[in-house]
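The chains carry the letters A, B, C and D, assigned in the order they are written, with residues numbered from 1 in each.
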C-alpha cells in the first residue's frame, strides 16, 4: 500500500501517521521524502487495513493498493486452475461445458422438450429460470417453486444436471436438489446471500453485475470462498454502456484478465449480453477462441411464444447447428467437452 | 406501443400478427403501410403486453413503448406531489428534510454524540448503518442487530426518527421499530425484497443503483407501490461512469426528470455520490437549487477514525456550517424544513 | 418515422402538424388515435427530415426513426460486401488482412527492422504513427513529416503498403503517397476532415471514437461516402467504460452488428483496446472467430524502449507466434489472407 | 511517481531499473523492499517521464503518478483565480457571465432578433453557431462564413461580444474578429488545433468531450496554455452515460473538482447537457449554486422552427424569466454579473 501525504506535512506528523499505520496491521512503513511530496510505502499484510479509513486522514492525499484485495480467488496463491465438477461433468482447466435451456421454465412440456433437444445436441447441463428477476412487477415472474419441480423432473428424464437462479435466501430450501445455484447480475453484491452460499458446498455460478468491475466480481467470489465454498464459476454477461444496438456490451477481455488474476473457471453468456439471437452464434465462437471455459445459452422450442427474453433465444435447430460448429472449435483449441 | 415489421412481410402475415397482438391485451391495432416499412400502432392498455415476446416474432423489427410502464409512480395518474410523513416530519411538496448521521453505527458513544450534534444543527432525521454492504468480506460489516439497538437508543435520547438500511429479508423483524427502511443501491433490483416491503406501510428510502436508469428506478418504486405501500422516497446517489476524480457521477438532472415523471419525493446523497467531503457542500447547495426534496448527508464526530467511508464524511463543525447555509437557501427557494 | 403527440392535442392541431410534416419531405402521414395517445406514422423518404426540429414542436412527445439515417453505408441498399484493395491486397468479403507495425515511427532503423520482421511473419500492410495524438503536450508527438518519409522508405524496401494517421488537413499533402489514411478515434467526428477525405479515392481506415455508438460510426463513414469515396474500412478499438483492468473495453459485438447493418469491411485493434500486450493474442483470436475482416496490431522491436504505448506492443517474436496461430484460424474460418 | 515491480525481481535488476529511471529525468529513486513487493518512489520533476514507457518494462507491474501531469493549468502553481476579459466583461473570480443565443445562426433577422432579446434580458455575450458539427452529412451544416458575418453584424448592432465554434484550422482567418473561439466537445482532443490556438491570445472556450475525464480536459487546456495563451475558459456540457431520459449526463461535480485543481474559469452548458428545454432552468440554477462562473444557454426566437437543436432551446420569454431568477441567485452567492 502506498500513501501519498499532502504538501506541507511536518516531520512530527509524518512520524505520527507512520506509527498509526503500523498499528493498524502487521506492516512496516518506509518514508520517501521529495521536495513537494512525501510517500509512505507500506509492506506486509495490508489486507486488514481499511483504505477508506486511511484516506480520511486530513494529511493523506491518496492511497493506492499494491496487493489485490482478494486471496482465495487469487491465482498468485493458487496457481492451478480450479476445476468444478457437476454431476460428473467438469468445467475449468481443459474442460469446456455448454449450459443450455430456456430463459424461464414455462410448462412441463416446454422444459422437457427443450431439455431433450439440448441434450441430443450435446449440452451437458440444463439451465432454466424458476424465479425470474423482471424490471416490471407486471411481467411474468417465473413459475417459482413449481418451476424447480419441473426442472428436477427434466433432470430425471434426461440426466442433465440443472442450473437455476436464486433470488432470495427465503427460498434456499427449494434449492436442496439443484446442482448449480446461479447468482444473477442484480444480486452480485447481495452480500448476505453471498455469505450464506459460502456455507454450502454446492457449485455457484456467479454472474458479473451490469456495472461491476472485474475486481468487484472477484471480491464477490471472495465472499463465497471466505465461507469455505471454493466451487465458484464466474460468468461474464455484458456490462452496461452507452451503445444501443446491443442490450449490453459483452466484455470478452474479461476472460483473459480473469484467467490471469484468478484460478476460477469463467463462462460467457452471449444471450443476455447481446439481447438478440443473431448475435449469439458469432459471440459464442469468439468466447471459445478467447479462452472461456464454457457458455450459457438460451434455447427455446418456440422463441416467439417465450414468456421472457424470446428475442435472444435460439430455437432448437439453431442451437443444434451452433453445437456442431462449437464441437469443431473446442477440438481446435485442444479442449474437451 | 409501436411495432415496426420487417421488409417483405405479406398481407396475410400482417393480419395474423395484428390479431395476435389484439389477443394479448385490450388493444386495437392500426396498420400504416409504407413502401418499405409497415407500422402497427397499438392503442389501449398495453401494460400487460410483454415487449420481449413481441420482439421475438420473426417478422418484428423493433418495438417502441409509448406509455410509461409504471402506473402507481406515474405523475400522469397522480398529479399532486406525494408527501411522506415520518415521525411528524414531512418530505415532499414544499417540505425539505435533511437526513444526517454516520455511515456506520460504531458505538453507543459515537451514535449518541453524532445524533445530538446533527439535531442541534437542525437535521430532523438520523441516518446510520447497522448492516453495511462492503465490497470486501474482510472489511467491517456493521454492528448489525446491536447497531439497530443503538440507533433506537439515539432516537429515544434525541427524538430523531431513524433511517437505516436493510440487507436481507431475514433481518426484517429487527426493523419493526425503525422509522424509514433504506434499500441500498446494490439492492435496488432485489425484487423479492421490493415485493415484501410493499406489504408494509413504513416509508421506504429507495436508492438508485449505480448503473440503473431513471426508468428502472421508477419500476422498482412501482414494485413497492404495487404491493400497497405508497410511502416511497427516491434517492439519487451517483451513477457509475468513466470519470475517476469522483467516486461516482452525481446525476442532478435526475431530480427535474423524476419530478416531471413521478409524484414521489426525491432526495440527494452527495456523500456517496462524490466520495470526498470537500465536494459535499457545493453539491448539497446545488441539490437544493435543482429542486430536490431533501438531502442524505454523512456526518461523523471523527472522520479520520471512521470504520467506513470516512473520506466522504463531514465532521460535526462542517455539518453545522453547511446547515446554516442550507437554511438560507431553503428559505430562498420558498421551501420549509 | 413515428411521431407521438402529447395528451390533449386537438384535432385541428393534429391536422396542422400532419400538413407541416408532409411539407418537410416526400412523406405521407397516417394518424392512429388512441384514448390517451395520438400516433403519426410517416412513410416515404424521411432522411431529409430533421428529427430535432420535429421534437421541438410543443405538441410532440417523442420521435422515433424507423429507417437508418445512413444510405451509402447501408447493407439494405448494397447487399454485397465491399472489398477494399490496397496495393494488391484485398480486405473484406473472404479476404482477411493483418496490419502491423509500431505505434510510432522512431527512427529509420526501427521502422525498417519492424517492417521487415512483420513482413516475414506474414503481415501484408505496415502501420506506423508519424503524427501522434497524445493526451499530454509534454509527451513525444511523433516524427511528423520525417516519419512519413521513413514509412515510405520502409515501403520501398519491403513492398508493404503503409497505413498512417492524419491529424490535420493542413498536413494532407504529406499523405499523397500514403496507401491508407487512418482517422483516429479522437477525430471520428471531425466532420470537416471527413468531408475532405470523401473527395479523394484513397482507402480510409476510420476508427470508432471512445464514446461513439455504432450508428455514429456509420454516420461518419457516410460523411466520407457522401463525398464519393467508398473505400472505407471501419475499425473497432475499444470504448470507454468504468472497467479499470483494461485501457478500454473492446466491443466485439460491434463486428456482427456492423456486418448486418453495413457492407463495409471491419477490422479490430486489440492493442489500443486493451492496453496490455498479454491481452492482444487472445483478443486477436476472438476477432477472427467473431467474423472481423482484419487486425491492426502494434509490434515493436524493443517495447520497453518504445517512445509510445510500449505496454501494449508485441515484440517481433511474439508477433511471429501470433501470426503462425492466426494462419491456422483464418484457414479454419475459410477466409484467405 | 510510484513504480511497483513484479514479484521475483532481483537486486541487480532493481539497481538497473533505478538507474534507468534516474536517467530519464531529474529524479531520485528510493527503494522500498517488501516480502512480496518492491516499490520505487521517484521524487523530482517526473513530468518529462513517459508513463507508458516505464509500464512497458517487463519487471514493472504498475506505475502511479503522484503529481498532476499539467502545470500551467494547475492551481498549485497559480493559486489565484484566472479572470478572462472579453470586450470589457470579466469571467472568473467573483465575475459570473451568461452567454446566450441560438444553436445556429440561421438568418440576419433571426440572429438580430435573438441578440437584441438576450441583451435586453441581461446577457453580456452572444453565442451562435456558424460552423455546425452534425452527426449526419444530410443535416443542416451551418451558414459557415456567412454565419460569422451575421454574428459580427449582430455584435455591431448590440455591442455584445460573440462566441462561436471553429471546426477546422482552415477557417481560422474567418475568426479574426470573433471575440471568443469555441472548441467543441468533438474537437477537445484535436491536438493540432489546440496547439495552433495556443499561439493566439484570444479567449478560448474549451468544451469537455463526451467521454473525456476531467484530467483530460485539463491536459487539453494545457496544450493551449503551453503555447502561451492563458485565456482558457473550461466548459462542462454533459458526459455520455447509459441514462436515456437526458441527452447526456451533466456532471456538476466537475465544477468544484476543477475549481480545486485549476485556476481557470468554468462554465456550464445545460442546453446541450440535457437536450430538453424543460431541464435548462433547474440545472442553470444548480450551476450557480455549485460555484460555476457562467452559463452557456441556447435561446431561439422560435424553437419549433429551429434548424438545429430546437428541443433544447428556450424561447425569448423563457430566457427572460430565467435571467430574472438568475440575477437574484447570483446576488445571493455574492457574485457580480
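The rule is simple: a contact is a pair of C-beta atoms (placed from the backbone, for glycine too) under 8 Å apart; a residue touches a chain by one contact, two chains touch by 3 or more.
What you see is a predicted model; the values in this text were computed from it and never measured.
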item: Other chains in touch with both chain A and chain D; value: B, C
item: Farthest chain relative to chain A (centres taken as mean CA coordinates); value: D
item: Centroid spacing, where centroids are CA-atom means, of chain A and chain B in whole angstrom; value: 26
item: Distance between the centres, which are taken as Cα means, of chain D and chain B, whole angstrom; value: 31
item: Length of the line joining the C-alpha centres of chain B and chain C, rounded to whole Å; value: 39
item: Overlap residues in chain A, where contacts from two or more other chains coincide; value: 211, 240-242
item: Touching residues on chain D, where the partner in the complex is chain B; value: 211, 213-215, 239, 241-246, 249-257, 260-261, 273-274, 278-279, 282-283, 285-291, 329, 332
item: Complex contact set, residues of chain B against chain A; value: 47-48, 50, 52-53, 55-58, 69-70, 131, 133-141, 167-170, 186-187, 189-195, 209-211, 216, 219, 222-223, 226, 240, 277, 303-313
item: Residue numbers on chain A that touch chain D, as the complex places them; value: 2, 4, 7, 28, 30, 32-37, 39, 41, 43-44, 62, 64, 66-67, 76, 240-242
